[in-house]
Amino acid sequence: GRDCELSCASFGRIMRPDDANIAGNVHGGTILKMIEEAGAIISTRHCNSQAGEPCVAALARVERTDFLSPMCIGEVANVSAEITYTSRHSVEVQVNVMSENILTGAKKVTNKATLWYVPLSLKNVNKVLEVPPIQYARKEQEDEGKKRYEEQKLDRLETKQRNGDVILPVINPEPHTVGYSQSSLIHLVGPSDCTLLGFVHGGVTMKLMDEVAGIVAARHCKTNIVTASVDAINFHEKIKKGCVITVSGRMTFTSNKSMEIEVFVDADPFVDEPRERYRAVSAFFTYVSLSKEGKPLPVPQLLTETEDEKRRFEEGKGRYLQTKAKRQAQMQQAAQ
Amino acid sequence: GRDCELSCASFGRIMRPDDANIAGNVHGGTILKMIEEAGAIISTRHCNSQAGEPCVAALARVERTDFLSPMCIGEVANVSAEITYTSRHSVEVQVNVMSENILTGAKKVTNKATLWYVPLSLKNVNKVLEVPPIQYARKEQEDEGKKRYEEQKLDRLETKQRNGDVILPVINPEPHTVGYSQSSLIHLVGPSDCTLLGFVHGGVTMKLMDEVAGIVAARHCKTNIVTASVDAINFHEKIKKGCVITVSGRMTFTSNKSMEIEVFVDADPFVDEPRERYRAVSAFFTYVSLSKEGKPLPVPQLLTETEDEKRRFEEGKGRYLQTKAKRQAQMQQAAQ
Amino acid sequence: GRDCELSCASFGRIMRPDDANIAGNVHGGTILKMIEEAGAIISTRHCNSQAGEPCVAALARVERTDFLSPMCIGEVANVSAEITYTSRHSVEVQVNVMSENILTGAKKVTNKATLWYVPLSLKNVNKVLEVPPIQYARKEQEDEGKKRYEEQKLDRLETKQRNGDVILPVINPEPHTVGYSQSSLIHLVGPSDCTLLGFVHGGVTMKLMDEVAGIVAARHCKTNIVTASVDAINFHEKIKKGCVITVSGRMTFTSNKSMEIEVFVDADPFVDEPRERYRAVSAFFTYVSLSKEGKPLPVPQLLTETEDEKRRFEEGKGRYLQTKAKRQAQMQQAAQ
């Protein structure tokens, strides 16, 4: 028999509301993440099973995976993994996922996935190490494994040569322009994002806004950046659970040591509602750039091109000077 | 004296690696989220303090907030909130945040924020309830609060009328076109996303890919959708901690009951590295649309416009027919 | 032999940066949460194993738990659970946790915990259902289980009558006093914190308790601290979704090398319910202080000021000496 301590592993977890969509179906992505975690554990364990250079197994490939039946909130996902083939430098792991309704005892196979891992040295991440061979119960198992190995190797080589396609091109590839750093993200509003009324917490919205604005700032100056201030934000429109929100940011103004970024939040109540996409919130965030020692760095000037960009730059300058004047007045008052 | 049980609250939380950027500075967004949570709790508690219709306080406005000093991983964020003014239908909350280095005992004020909340009925979310008045120690406190209230009210009215600007317009607003549903998100790679080698777990990448693909599918058919399968994915390029990754998806093909979505993951090692943005992974996800009873629904046909879109549709059709043929062969084999 | 499909379960998970403190030691609360999840799965599964009214197992009590060795980021936590006794209305679950370094293969026992669950009807949460009896391999197993059952029942009755104490803020406290290190946090109970019955998972509560106790301990000795043990915790009162919970901790006793912290959990069902804030759980946590090399450090003595503080210090000393005596007796027994 095989030593299952080494080459098998099984895991379970209760599915929570945050793992699922509003209809209660667990996201495919949640399941893929569990599958990969099981594969990473078992293959890293195997590759370190013989004394030698310590290594971490890195995912090289996932074979086509079907989602055979839906999994629901409250069910237990049982994930079991087994090493089914080893080549000199790679490990094939078979992962099976079963959903278990612990109230009825009903179990269903939801996925059968095959993953390939490669051991990378912990000391030198560019060095691929050798994989200790596994023992096969029958010679055919090894032969079939070798066939699968050759097939996937071919496919990997092919896709490596396939040319990169681009969906959303960078609007302006010139550094320091508005188009260069502008960024956006989408977020599916989950249950933990919402209050008892079923609307997104203002704090969740602000966190996403800061995330986008921070990326805009970092793209502009390519240094460590931190939030310096947020202008007043008004929350006119509520955002409901199940909406998709698009948070987008663009730089409007730079002073010597700061950047102003305008952020928009648009809500798309795309399921269950006749309403169109609407603007929920907008705000201005100000960032500063810091050196490794935490000292403020000069900020590259924003290059404005269109009339709108120039106008927004002037407006931003107005806000900047106003805030500066206000602060100086406060300091003089405090000094008296 | 005031009854602080009702109108004050204070608490602490340790800042974790995922709350911060790679330089160890806590994200402004993390702090804004804590501030808002404290404000929501204290104002909801206050608005329910007198017998009456139960309600939840919803954030209406945050005043301009400065980040006075950076907060770091391992420090304790001490958040204290106090109700400072009540009008008939709104509550003003003052929230102060202090960072505390529990190893040295050093404390610094990091934020002073002012938030306005409005109580909404739990039964009828469109009904704004009355706020129980607070007691002021001195008459001037009430007068100053009233002044702040009037000022913010004006500003809220103004921004409500300001016209909505758009950053990334929907590429094609015609329903069922490729441009209509295409979507993308950006994600800053945090420490908990990574293996011991400091590279993103494959499972984390796949979860984000499924998230974007699911939004594309839902935008296309505006129903509850679930992942049906994922084609083989090759992970040629590693993604390092601190990168920004852009995950974008576009629909390539629809059959009667399924949608194929192509997803790209691009990594942007924008801090600390000379390397340009690169394509890390791409894959095809297939989704089905489900009715409320969990039955498969017909999928609206994808409208292709450009030559590229038509070519990709045909390629998708090829993959679809090939998979279908393979499955039928397997079923016949199993039946024999 | 026993049918392990039904009465055993095992789970594994990689420890991430967010599961640990800045020294890389996994928080005791993270481990307690995993232990409770395993216990909840296995006992809910068992209680539903015979056709009958569907139910969810709710945590009633956790026996005193020692943290035998620290767990680190990157290690795999292997959690295995087994049902060891059933009374008419309760289930005893034994959960063992092992840390596994998948690079070296080294495994260490980190915890052995005993938990008691009670099955509550899914339809009527106030109805306790009957537990299907398990089969014992030997008669002595049943007798010993019955003895443990009677003992914990007595202890649960006792603590139910214990009076609720309150932690009040102290202005300008002196280092090493009780007031100096006392801490609290508030948490709004979200959907993912809750079981199918809509009540907070015991593990979620314990994780928050450990977080507060850890802050108290770190504030007192300003070093890296780790959880050494948790005294028995009784969960008399359920906490519903939508509640705000306040978790507060104060130091009660210090020995040369350890600190005892009392933690209270108060629930505030502030919306939707006429009920007042109530004490849901309380417990004693013990921490030790570690040097950078992981060696235990001396702990500064707690300065007690009020009569109550002095009394609690003496009570803590009593618990400390009792535990010490018990451990010495066990070691002598083991040595014979």
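Chains here go by letter, A, B and C, matching the order in which they are written, and residues are numbered from 1 within each.
By our rule, contacts are C-beta pairs under 8 Å (C-beta built on N, C-alpha and C of every residue); 3 or more make two chains touch, one makes a residue touch a chain.
Since we're looking at a predicted model, the values are computed, not measured.
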Where chain A and chain B overlap in contact partners, by chain label: C
For the homomeric pair chain B and chain C, should the interface be classed as same or different, according to whether the shared residue numbers exceed half of all numbers used? different
How many angstrom between the C-alpha centroids of chain B and chain A? 11
Averaging C-alpha coordinates per chain, one finds the centres of chain B and chain C separated by a number of Å equal to 32
Please set out, as single numbers or ranges, the residues of chain C touching at least two other chains. 103, 271-272
Can you name the residues of chain C that touch chain A in the complex? 9-14, 37-38, 40-41, 44-45, 48-49, 54-56, 76, 100, 102-105, 122, 190-192, 196, 242, 271-272
Across the complex, what residues on chain B touch chain A? 21-23, 25, 27-30, 32-37, 40, 56, 58-67, 70, 115, 120, 122, 125, 152, 155-156, 159-160, 164-168, 170, 182-188, 195-199, 201-204, 206-212, 214-215, 218-219, 222-236, 238, 244, 246, 248-250, 264, 268, 270-271, 279, 282, 285, 290, 292, 294
Where on chain C does chain B make contact in their complex? 16-18, 21-22, 74, 103, 169, 175, 183-186, 188, 211, 214-215, 218-219, 222-223, 244, 246, 268, 270-272
